[in-house]
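For reference, the structures are reproduced in the following blocks.
You will see two complexes here that share chain A, one where it goes with chain B and one where it goes with chain C.
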Partner chain A sequence: MDQFIQLILAGLATGAIYALAAIGFTLVWQTSQTINFAQGEFVMLPAILVLMAVKFLNAPLPVAVLLATGMFLLIFGLGFKTYLVDPMAKHGVLPLAIATMALSILMKEGAKDGFSAEAQQFPSLVPEGVVRLFGATLSLRDIAIFLVAVVAILALQFFVTRTRTGRMMQATAQNPTVAKILGIPTERMILLTFAINAGLAVLASFLISPVYLAKFSNGEVIGTAAFIAAIVGGFNQVRGALVGGFIVGLVDNLAAAYVSSAYRAAVPLALLVLVILFKPEGLLGSKEERTV
Partner chain B sequence: MSRASIFSRIDANLATILIGAAILWFAPAGLKSYGLYVISFWLVMSIAAMGLNLTLGYAGLKSLAQAAFLGIGAYATALITAKGGIAGATWSWPLAFVVSGTLTFLAGVVLGFPALRVKFHYLAFVTLAFATLMFLIFRNEQWLTGGVYGFSNIPRPTLFGAKLNNDLAFFRFVLIVSVLLSLAMWWMLRSPWGRAFQALRENPLRAASLGVNLRNYTLLAFAIGSAYGGLAGALYAPLVEFIDPAPFAVSASFVLLLTVVVGGQGYFLGPFLGAAFSYVLPEVLRFTGGLYLLVYAAMVLILLLISPQGIIGIVEKFRERRRQKDAQDQRDASKAMLGA
Partner chain C sequence: MISKRQALLGSAGLMLAATLGLGTAMAQETVKVVGVIELSGAGATAGTNYKNGAQMAVDEINAKGGILGKKIDFVVYDTQTNPGNTRAAVQRGVDEGAFAIFGPVFSGPISASMQIAQKAGVPQIVGGEAAGLTKQGVNTIFRTSLNQADAMPKLAEYFKNDVKAKSVAVVWVNNDFGKGGRDAIIPELQKRGIKIAADIATESAQADFAADAIKVKASDADAVFVYLNEEESARFLRAIKQQGYAKPIVGETTLLGAKVIELAGDSAEGAKGHVGLSVDAPNPLFAEFGKKFQAKFNYKSDHNGIKGYSGMYLLKHVAEKNGKFDKEAWLKYAHSAIIRTKDEPGILIDSKWDANGDVDRESFLAEVKGGKQVITGTLPPVSKF
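Coming up: the complex of A and B.
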């Protein structure tokens, strides 16, 4: 039982990270019909950039973090939208999706060749240590990850539903034409979603890298998990991505312990197929009549 | 009958395949075994890409499992032909070829049926799950596949009593099979089936209203496309003579999808160009050391930004411009005549 509680809590911590990545994924999909196959690499890269700044520029850690964050937001928020998504969007969903696949290879190989093929230590912002709760041992780190991610998601939810800019963003996602007629600067709103996506990726990266170490290939696991989380939860809902992230995190951790470590990667995918078969719009998703 | 009409009657794609095959038959006479291996590899991957091009380019279905189908074919062939073969030296490979095609065709039907029932683009997710599962099976079921250590000593096929151990002979064998499969695909695309596949992609609603059974035809397109992956696998195993799970991972399926789009989805010759880009270019870029994937990915990005329709898209754009220029010239000429 203790082990079970422990697994649940560790699963929630991993799930919170998946949720961060999945939310960015759905936001970008909603506003610009971009399926970002490089989403996992988006989470992998910021930590690598920090380590690169420390190594090559001898920057102290806080400066390196700021530098990496700024650079990442600029290149993979603004640059990604302006130089990749905008020119390709008019040619349909597929060429753009393929281009993001190429981008993911580029980022992965870039991190490997430009920095290191080995997993690197990433400094943790939270001290090591454990807390005992209901007889289970919890690492402080897992708790911190969970709290930070949940606070970030709640703040985002507040921003999207309660502020003027957030509502303008939602309107842009739901009906770009009408939004434009109402005088909403839709282009700027779409750009904002890309910036938020990049920001969430940075946050996820800094949270997960102390646990799993910073490695160029981290994106594969995270990307697939975020993808599954987004579909399981409901592709057109931020709430859905949140729930999907937690479910995938839990299923992943429980499968590793109770099913078999050799086939753990297949379990979340089995969940995905079940959801597609029985509730294709996702657990929290609403039916969409538009065919993409 | 004028010359122009005779030429327009000969299909350009068919002509390219036949002329290309004739050139390839004689061209590699001077090549060493490495060169032959690279060209054979290119042909094998072109077959796999051709199948995916049917699924994606003609029927508009996204499959993320083509490398898994390639793997099924390769492992089936390895199991059937290794250790003297289960049907004797002569018949083992033909048997393996048929089994590979049948297995992957059936896998396509079983995968496609539930996915296409729901929504067409959900096929992508189901195939992604399938590709992951197949990779795990290749890696974990050591008693069957050899696991991470792989499966070695896969023999080259024996044909009419002659063992194709010689690299040139085996290359020509691969070439013959590739040409036959290309001709089958060419015939299929011109048949009512092929027209129906294209109708599905262009306008499913209208296709349905014209009496095309949407689900059956999409299922068929996906299953045949998958079967081409399996048939390519039947050539892949004896070509490389050693297989392990790595070339059939999910990322390999992504690269195959990339290959089709880079070549030009929905164009008959697209897969051959795409496969040259994805599988021959890395060999050329070998001098860059470990950087070749980086260079490859950057080139794909730039190519797609220039021409989302792939390499053939550039050619088409060029031809279209020339056609317009010719028309303009003719207009100018006739204007001058009328003015005179």
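Coming up: the complex of A and C.
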């Protein structure tokens, strides 16, 4: 039983990270109806930028964190929207999706050549140690990761559904033309959406890198898991990404423990196939109709 | 009368001849060694250390005039830890006329590529430990690290006599290196009456070890044996410490390496086991190498750095003993070479290579204390020489 509780908590902690990344998929989908195939690299890069600031600028860690966060929000929030999404979106969804694939490779190889091909230690921003709960020894870090990610996601959900700006963001995502007629500054709302996506990626990066170690290739694992989580939960719903993230995290950990590490990656994929077959809009997603 | 066109053609011809002549002269002054090494992918940490160690040896040897008057032209190709790329890189090295192939470090890529060097009769100096590598009749392969078949009995003795474990959980990486280690340690433990409480396979480049750590803890074994590559070892140590695991964590060389200690941080504290090579070993030549490596690359070398460095000196020593660059003669001499530090200080520790290309030498027991690898004992070579 102890083992099961520990596995559930570890699964929820991993799942919370996947959820943060999966929300990025849903945000970009809602604003530009495309899939950001560089989402995994969005989670990989902020930690690398922190380490680069420490190494090349001799910046103390808190300064490096602030610098990296600011730079990432600027380049991969504002820059991503202005210089990649806007120009490519005019040519349709497919060129934009392919452009994000190219961006993914660029980010990965850039991190490898510009910094290091080797994994690097990344300091933990949450407490480490263990606590005893219901007779089981639980990781304090897992609990902290879970709580931080859930609070961030709930705050986002509150912002989107309960604030004026959030509702304007939603209106822009649902129908930008009507939103514009109603006087909503749609461009600013879309920009805000991309900034939130970049912010969540930074948070996910700082939470996961002490566990996975900071490495240029981390985006592959996280991107795939988050993509599955977004589809399982529902690509057009933030709460869907949250649930999808937890499900994939749990399934991944339980599969590693009770099936085998070799097949752990296959189990979430099997789940994905089932969802596509029986509930293609995702567990919490809503059906969308499009004119083609 | 010579036309302008003829004059131009003549000049071009002269220039070409001069260039070719110069190229031939340069080729005669160098001996080509091709590094086929993991500089990215799962083996990046091991490969980078191996390459840096080898490069340091090349720089030293070249600064002293090279080998038999020829400077070493050391060219390195990144295999990306991919067996297909490794095969292609070894073939490229052979086609480029390399006197020797240097690397790779991971056993899987070695296994996939060593027949190419064998077919061409080119010596290949590798960093792999998998027991099977030197059992396949490939006469061109030479190890720079101990064979698992030699290292694991020493480690099993350590489990029995020092750790006093009655049961052990074995965590291994599912590649040639990990599987070879797992297959070598389990019978050795069982022979000594130690029960295998859990047999846990993990994947190469695996990022999340929480489930594996929880399984180890649930097995209630007296100790855990960790046999993973560098980055995975660090991730595992972090994961198992997060689960409050307090029993002995034992490894073979990799687990106690400098890079693993750096990556795992406090989580490496208390890890112990057997190490083939270490800059912290009680050996002034290792210490001197460690200082030079730190000064040159600004980080502490792990065992792979020593392997790369001493491997290059193996190449030099044997070529100089033969007095010529003859691959066949090199292979013949190296297959029974005993190289002592008094004759070749660059070898760093008295070493013996046998007919299979396996190396034998002293090895060490170690423990991580205060963020450093501390040598706690020295074990003799398997055979006396």
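Everything below uses one rule, namely that the second predicted complex is superposed on the first by the 289 of 292 C-alpha atoms of A that agree within 3 Å, B and C clash if a C-alpha of one lies under 4 Å from a C-alpha of the other, contacts with A are read in each partner's own complex, and residues count from 1 in each chain.
Everything below uses one rule, namely that a contact is a pair of C-beta atoms (placed from the backbone, for glycine too) under 8 Å apart; a residue touches a chain by one contact, two chains touch by 3 or more.
What you see is a predicted model, and the numbers here were worked out from it, not measured in a lab.
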item: Partner chain(s) touched by A:I231 [first = chain B, second = chain C, both, neither]; value: first
item: Touched partner set for A:A262, first chain B, second chain C, both or neither; value: both
item: Partner chain in contact with A:D252 - chain B first, chain C second, else both or neither; value: second
item: Partner chain in contact with A:A198 - chain B first, chain C second, else both or neither; value: neither
item: Touched partner set for A:D2, first chain B, second chain C, both or neither; value: second
item: Chain B versus chain C as contact partner of A:T137, first or second or both or neither; value: second
item: First (chain B), second (chain C), both or neither touched by A:A53; value: neither
item: Partner chain in contact with A:L84 - chain B first, chain C second, else both or neither; value: first
item: Chain B/chain C common contact set on chain A; value: 112, 262
item: Residues on chain B engaged by chain A in the complex (per definition of touch); value: 56, 62, 114-115, 118-122, 125-126, 128-129, 132-133, 136, 139-140, 250-251, 254, 257-258, 261-262, 265, 290-291, 293-294, 296-298, 300-301, 304-305, 308-309
item: Footprint of chain B on chain A - complex, ascending; value: 37, 84, 87-88, 91-92, 94-95, 98-99, 101-103, 105-106, 109-110, 112-113, 220, 224, 227, 231, 262-263, 265-266, 269-270, 272-273, 276-277, 280, 291-292
item: Chain C contact footprint on chain A (complex, rising order); value: 2-3, 6-7, 10-11, 13-14, 112, 117-121, 128, 130, 137, 139, 141-142, 210-213, 215, 217-218, 221, 252-254, 256-257, 260-262, 264
item: Chain A partner contacts - residues on chain C that touch it in the complex; value: 39-41, 44-45, 48, 174, 200-203, 205-208, 210-212, 214-215, 217-218, 231, 234-235, 238-239, 242-244, 259, 262-265
